[in-house]
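Structures for review follow.
One chain, chain A, appears in both complexes that follow, with chain B as partner in the first and chain C in the second.
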Partner chain A sequence: MSGARFAASFAALGALLLRHRLAGLGALVLLVVAALAAAAPLLPLPNPDLTDLANRLQRPGAPGHPLGTDHLGRDLLARLVWGTRLSLAVGVFASLIAALAGSCIGIAAGFFGGRTDNLLMRGIDMLMAFPYILLALAIVAALGPGLLNALYAVAIVNIPFFARSVRGATAAIAHREFVDAARLAGMRNWRIIGGEILPNVAPVITIAMSTTIGWMILETAGLSFLGLGSQPPQADLGSMLGEGRNLLINAPHVSVVPGAMIFVVVVSINLLGDGVRDWLDPRLRAGQLSRPAAVTRIERADAGAAHRPDGALLQVRGLRTRFVSAGARTQYAVNGVDLTVDAGQCLGLIGESGSGKSVTALSLLGLAPSPPAVIGGGRVYLAGEDLLAADFERLRAIRGRRVAYIFQNPMAALHPLMTVGAQLTEAIRCHRRMPRQAALDEALGLLRQVRMPGAAARARQYPHELSGGMRQRVGIALALANAPELVIADEPTTALDVTVQAQILQLLAQLRRERNLALIFVTHDFAVLSQLCDRVAVMYAGRIVESGPTHDILARPAHPYTAGLIRCAPRLGGGRRPAAIPGLPPAADRLPRGCAFAPRCARRREACEAGKVASTRLSAARRVRCLYPLEAA
Partner chain B sequence: MTAAIEARNLSKTFGGERRWFGRARPPVCAVREVSFRVAAGETLGIVGESGCGKTTLARMLAGLLPPSGGRISVDGKEPRAGAGPWGGLVQYVFQDPLGALNPRKTIRQIMHAPLRHLLGMDAPAREARVAELFDAVNLHLAFLDRYPHEFSGGQAQRIGIARALAANPRIVVLDEPVSALDVSVQAQVLNLLADLRRAYHLTYLLISHDLAVVEAVSDRVAVLYCGAIVELADAAEVFARARHPYTRLLADSAPVPGRPPAAAAPGELPDAPTRGCAFAARCSRADAACRQRAPEPVYTRKENYVRCFRPLETPR
Partner chain C sequence: MRYCLKRLMAVVPVLLGLTVIVFSMLAFLPGDPATAILGPYATPDNVERLNRQLGLDKPPAQQYLIWLGNILQGDFGRSYSLNRPVLDEVLERFSATLVLAGAALLLCTLWGILIGVRCAVAQYGWSDRLLTLAAVAGISVPSFWLGLLAILAFSVHLRWLPASGMFAVYGGGGAADLVRHLILPALTLSVVATGVIARLTRSAMLEVLRQDFVCAARARGIGERRVIYRHAFKAALVTIIPVIGVQAGFVLGGAVYVETVFQWPGVGRMLVQAISTRDIQLVQGGVVVVAASYVLFNLLADLAQHALDPKIKT
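Showing the complex of A and B:
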């Protein structure tokens, strides 16, 4: 790891520890305890094993014995410090042994797979078939009592946990492409394991250690408590507790003192472990597990500037959406988008990955995830009603009823544990009250409308039992369930094979005609778009750079980016080399001041980079956002 | 002349082997009796739908997966044991450009690996070679000290290509090299690949589900259906004058600007191969014979063939 990266991840850890105050607290307490335990030989403590029967069972606060003495008159403070030292050491070593052995087994099983995997994991299963503590007892019984044997026992019973989690992580990585690449680069197995696999499973091992070390200390204490661990006079926390057991009534402090220490140590380790896990798990780190709000946060800077909607079904004016997250630059995903869709019309929204197509589509009904999304301005009129001003109840009535979505990955929209028919029925009854049977009949009708082969049988199946194309048909049926006026389809065919894509496109075209449906079709492919859409809006860096009738724009693009986009995709039967657009699209957190396409544009002149480029009218139906368009007005 | 790479009756079956406990999974035939020869400097395109065995075939050709049957030879020779499969003669460019780079290594470490392990170069020689390769794929040398996550897909794919070229391969297997890239970047990478082929005298096996990409880049095209090559023909003709009904279906399904969506094509890839022609259930020309026996290759030209009892004759 380079120095800068290391410092950066350390800074991230610091920030996270602060955010997780509890983890910070745990770290602090643990640090103090560990420091005390480590410094035990240096501290001015009496010999912990020195018996002094004259002073037995002194209460805490007695002169010379701040925590009192036990039944043999030994100083409890000294025993506590030395006992903690021993318990911590045993816990740490046990977890190191368990981690080492478990990781070796897990990596071997996950990497080699097949028979090796089978053999190793069956062995692990056998270990796991015994109850945990019984197994530990059996091992100690076989090896004989003693702290070292207790350590082995605790380590052994924890091996399966490590082996299983490391095996899972290894198997996931062993099939990644970079492992194949390493093999092609001439690296041998052991080198691949050390250089490619281990660094990537190390976080998993660390997480497993941080979650088990507390347990291991408890388990060792348990064995010592039963007299199977540390042998008298040597003190560890468990044996101290065991010795105090008989004096619980007369001298509770003898057991309370070690008990409290066990509690403090285990709780602080677990708190810190949670923090470490949060830090190492990228999903938790990005805060992605927090549930987004039901409606995108709206902070319209232009709240007063109302616009008079006209008769269009959907009118979007000046829509802006940005992503704001702490510690990262703000991403300006949508920067003033205007769209108009008339009833029964199909608008194609085309652009590259990251151009803001999906965010635009989601923002229309407040579905962009907040945090981090914030709608920073604009109007979305559905038949004259401003949706960005509507409250959640109102939006919920519109979502799925008047405006419906079809997603790229139909699995994301389907519930994995409900049959297709049940989901459709529920979608219908969610917006319209009707008896279950009537809804079921309607659901079957929908499946037939999307030309699902064997509709009645398919309705009883679960999503995972269907092929990709059939799932997308179900996704479309769900969208159509309540006869919406507008359907927003975000790359509905991108994940599908060409022949299935052709089927779905044809289905959408037919449904449009049959139901007079308005459609916003989001795609990155002009060829797909041209098969379905009357009008097209080309998106670049969060703005519409050109819009107009599809065939017109395909034949005579006006914006240099549109022209490049049309030329750069090879066409079937259309000559040899595609013409590439040089460079990359701008990052959404560093948009240029002037025309966003300027760094890649062959027609660029000084004026292009000077300031914002406005959208101008090219003809009655066409607009373009370019100072030197290829087609003049 | 010996072919740069030749496959003879190559097959791969997954599962079915005896396991220690539990019952054996039923065997799945991923690649069936695939044969072809690719001349030095030629590009063979391989198209087919998801699940038809494209990647399985590619991984066998690169030596990453042992075939269950059949043979592969590179330059007329059988694979030899040694550093890396094929000793680095066959390299691979992966579909997911970022997934092919170890997230915990710098680009320098990644680029040096093949030079060190395959060619045994010392550090200064490796630096010089990496500089030369980065120049060839238009990448900045400053990138060498960065980590993979700092790159866009297009840049990462260039790094992947540079790494594949590092060990002086004769053959490069390109497994969907542009499908994960932005449209405007796809053409950049395709053009780069074409330039590199000429500069380094490479032989390409280009795998893609995008017919237009395959047609534009390949010399010949193999159409895969259910793990078998159903048609092998020159790129200029394969879609324009399809002879196998499945090739025709593919060509008709590909979206072409201005052409209305294709008439609904029935069915999808079958789960399990059937007796007889695998395409029979979806084929409008199927007859009783098609459902009885699997068709054998019928050679149309020296190396080209179609696997169909009743191929389409007339060009459209």
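Showing the complex of A and C:
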């Protein structure tokens, strides 16, 4: 079991290496082929154009002709090497021409903008209105057959690709500060372009070249194959294939071998190109394109140590979640969190951004995205059942049915292409089988319960057609769809206007009373929390530093951090400006050994930084993780 | 509806520009068509008469307008080499190309999306690695070579399928015969586009699967199949459809090679022959018809995307 997990955690790293190994392989093959092609005049090869009709159509392996001979008795190996030389040269030149012309157009359009941009890009659009190869054919038709003309045709056809991507990159930086500064300094346009723009768009040009050079070799070979490129006796790989085609049945090697060479060259280029793109595209490099699994990966180090759950609805004991990604330090986001929520109770989970409160909330039902998240230990008991030990189907039956989520940003959490009604009925029907119409009726009822004006009409609308407050009402309706026992609301009002915030809070308080709902309310704002929550848990650097009844903690905070947070909360009419806590929370990949808050704490003493600080009982209902609390027991 | 009209109106200048490019590219060729038709020993008198007959003595702008007026009435002129109206020849050949390209487009859309989704779902698993590698091979393969290999394997050695033509020469005809002849060329033509669509679908799906609404759908207890195939795929499709539109262009153009290899009587092979014989009217007619139909296809792809994504309202 642990072996499998070990393997899984290295799978991402393995894929990264594999990709780069493939890119390396591509580079190697390409290097060998290019070296052979470049050294063609020096190699001990027969003249590729020397005909020898007596020895025509020799099979591969014939004496003196390792790859055999063609219909005129010419040595195929020599022709292959010289043909590769020609094809590579043509491909590289075509791609250089396209890159040069396309980049000039793209930079001009992006840098000058306005009319110039409009005119140039309309022209480019015109070229793109043609099917790719058809345009090349039309250009060859105009210029006449010939290798050089085929090269021009293929280059012209690829100009739009370069122009578009370079224009985009240029326009993105044409009005950044450093460019404006250069302008104000009186620098001439061409110097700005050369000095500021070009270095910044160079990666884009490189990426575009790595994408297109393979195509260009394919296309020029294709035109030669059709007899429109290189003309006899000059032969590139494409025309060798085209000439050999008529002998397909009697002497297949004459056409199969040059084709295989094209394939090998282009595959190598594309593998190398993929590697180059991975390397140059920061988004891909950060491994962000990895797909989060349906359940957070669980690797509990404390698998044996079970707690005895008591009668609470939700009991979290020693929950640990970390983020593991290849090539970066492990981030310890949640480091042993204990929480308890009784039926119908509201618990506020408060902390600065980055304190691990959202990750805690998501970890409860295995929703923290993995990769990179890994749950490293702890128990999550829902009415006595350990959710972290449940299989996926069991977990799925609980998600949305007994425990539901309300997310911070309702626009992002709603499917953009499904109507509100469709999302609600889906949420209902995935837990309770019922006819579509019954589910829709229930959905409309839910929308009315969350005070959605004009529920029936709204159900037919898409999320982008609603206001922010209405979207969050839909988010709440979705959470309530199956009458859950516990709702976890992750900063549900942070993304909203202040006036709308108040309405949503009021709605939540009301629904909680009506339905006797248990609620975990994640927030960074004590003012919001005090309106809604019975109990508070204060989180700092992945640990609960203080917990207890809301009014008690608000009146007499024990942990210096809690006191700081309370001072931060703005009060209406309270003339004093809220005081910020000096300093920054520690980075999750470099947590201090002792109290994580010590570096920012005014009451710090030596013992604070010496070792782990345990959570101590302050009173029957309160706990604090501090050696020198503001309130004594 | 307003969007449809707007898109339709936007197509008109593109089509006009397209005719200008085709006309100007082919009208100012070095060497004049009259010499090409009459041969090198024509008398100046004859050349001049033919030029007048073809309208080549008028200024270029006027020539273009006359030509444009003619093609708008469906008159693309006569092919010198085939001695028949260009439009008849082009339409006949284009319908053959449409059968081939349409079949290939269906294949590459279907397989490309299936492979791409499969890769995204099994990211970094063995099937993903294998299929990703296959997709790179797919976009790198010269279709004219692949076609030859297919003929060698399936026609010459296994004798399963015919190697050339659209119908059997003796006793051919009918849908079954067409399908038998279509299989190899359509598969060959679809390979490159399949690779492109698979790669794009994979990255589009991965992009979507990271988004909040996927996590939210999971939090609602929606089954994983539905999350991937309904929620994620629906959102990814918005980026996939325009690429299918672009691939239609590659398939339509790539048909040139496949038609040549498999002797398919399509418009691509016609164009190659017309270029070799310098049959300018035929080249013009063929390019205009194919390019215009490509523009219209992209219009359809655009409208499909619009129907799918309610957010594009402008």
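One rule holds in what follows: the second predicted complex is superposed on the first by the 511 of 633 C-alpha atoms of A that agree within 3 Å, B and C clash if a C-alpha of one lies under 4 Å from a C-alpha of the other, contacts with A are read in each partner's own complex, and residues count from 1 in each chain.
Everything below uses one rule, namely that a residue touches a chain if its C-beta (ideal position, glycine included) is under 8 Å from a C-beta of that chain, and two chains touch if they have at least 3 such contacts.
Here the structure is a predicted model, which means the values were calculated and not measured.
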Looking at A:G259, would you say it contacts chain B, chain C, both, or neither? Reply first, second, both or neither.
second
Does chain B (first) or chain C (second) touch A:I249, or do both, or does neither?
second
Between chain B and chain C, which one contacts more residues of chain A in the superposed model?
C
Which partner chains sit in contact with A:H415 here, chain B, chain C, both or neither? Use first/second/both/neither.
second
In the superposed arrangement, does A:Q531 touch chain B (first), chain C (second), both or neither?
first
Mind working out whether A:D589 is in touch with chain B, chain C, both or neither, as first, second, both or neither?
neither
Using the touch definition from the top, say if A:S467 reaches chain B (first), chain C (second), both or neither.
first
Once the shared chain is lined up, is A:T499 touching chain B (first), chain C (second), both, or neither of them?
first
With the two structures laid over each other on chain A, which partner does A:M187 touch: chain B (first), chain C (second), both, or neither?
first
Per the definitions at the top, what is the overlap between the chain A residues touching chain B and those touching chain C?
122
What does chain C use to touch chain A in their complex?
14, 17-18, 21-22, 25-26, 29-30, 120-121, 123-125, 129, 133, 136-137, 139-142, 144-145, 148-149, 151-152, 156, 203, 205-207, 209-224, 226-227, 231, 234-235, 238, 248-250, 252-254, 256-257, 260-261, 268, 271-272, 274-276, 280, 283, 287, 290-291, 294-295, 308-311
For chain A, which residues are in contact with chain B within the complex?
2, 5, 115, 118-119, 122, 176-178, 180-188, 191, 195-196, 199-200, 352-354, 451, 467-469, 497-503, 505-507, 509, 524-528, 530-532, 551, 554, 564-566, 568-582, 584-585
Would you mind writing out the residues of chain B in touch with chain A in their complex?
19-21, 49-50, 59, 62-64, 83-85, 87-88, 90-92, 94-96, 99-106, 113-114, 117-118, 145, 147, 152, 154, 160, 163-164, 166-167, 182-188, 190-191, 194, 209-213, 215-217, 239-240, 249-265, 268-269
Mind pulling up the chain A residues that touch chain C in the complex?
11-12, 14-15, 18, 22, 122, 125-127, 129-142, 144-145, 214, 218, 221-222, 225-228, 238, 241-242, 245, 248-249, 252, 255-256, 259-260, 262-263, 266-267, 269-271, 274, 288-292, 294, 362, 365, 367, 369, 392, 396-401, 404-405, 407, 409, 412-418, 426-427, 430-431, 462, 464-465, 478, 481-482
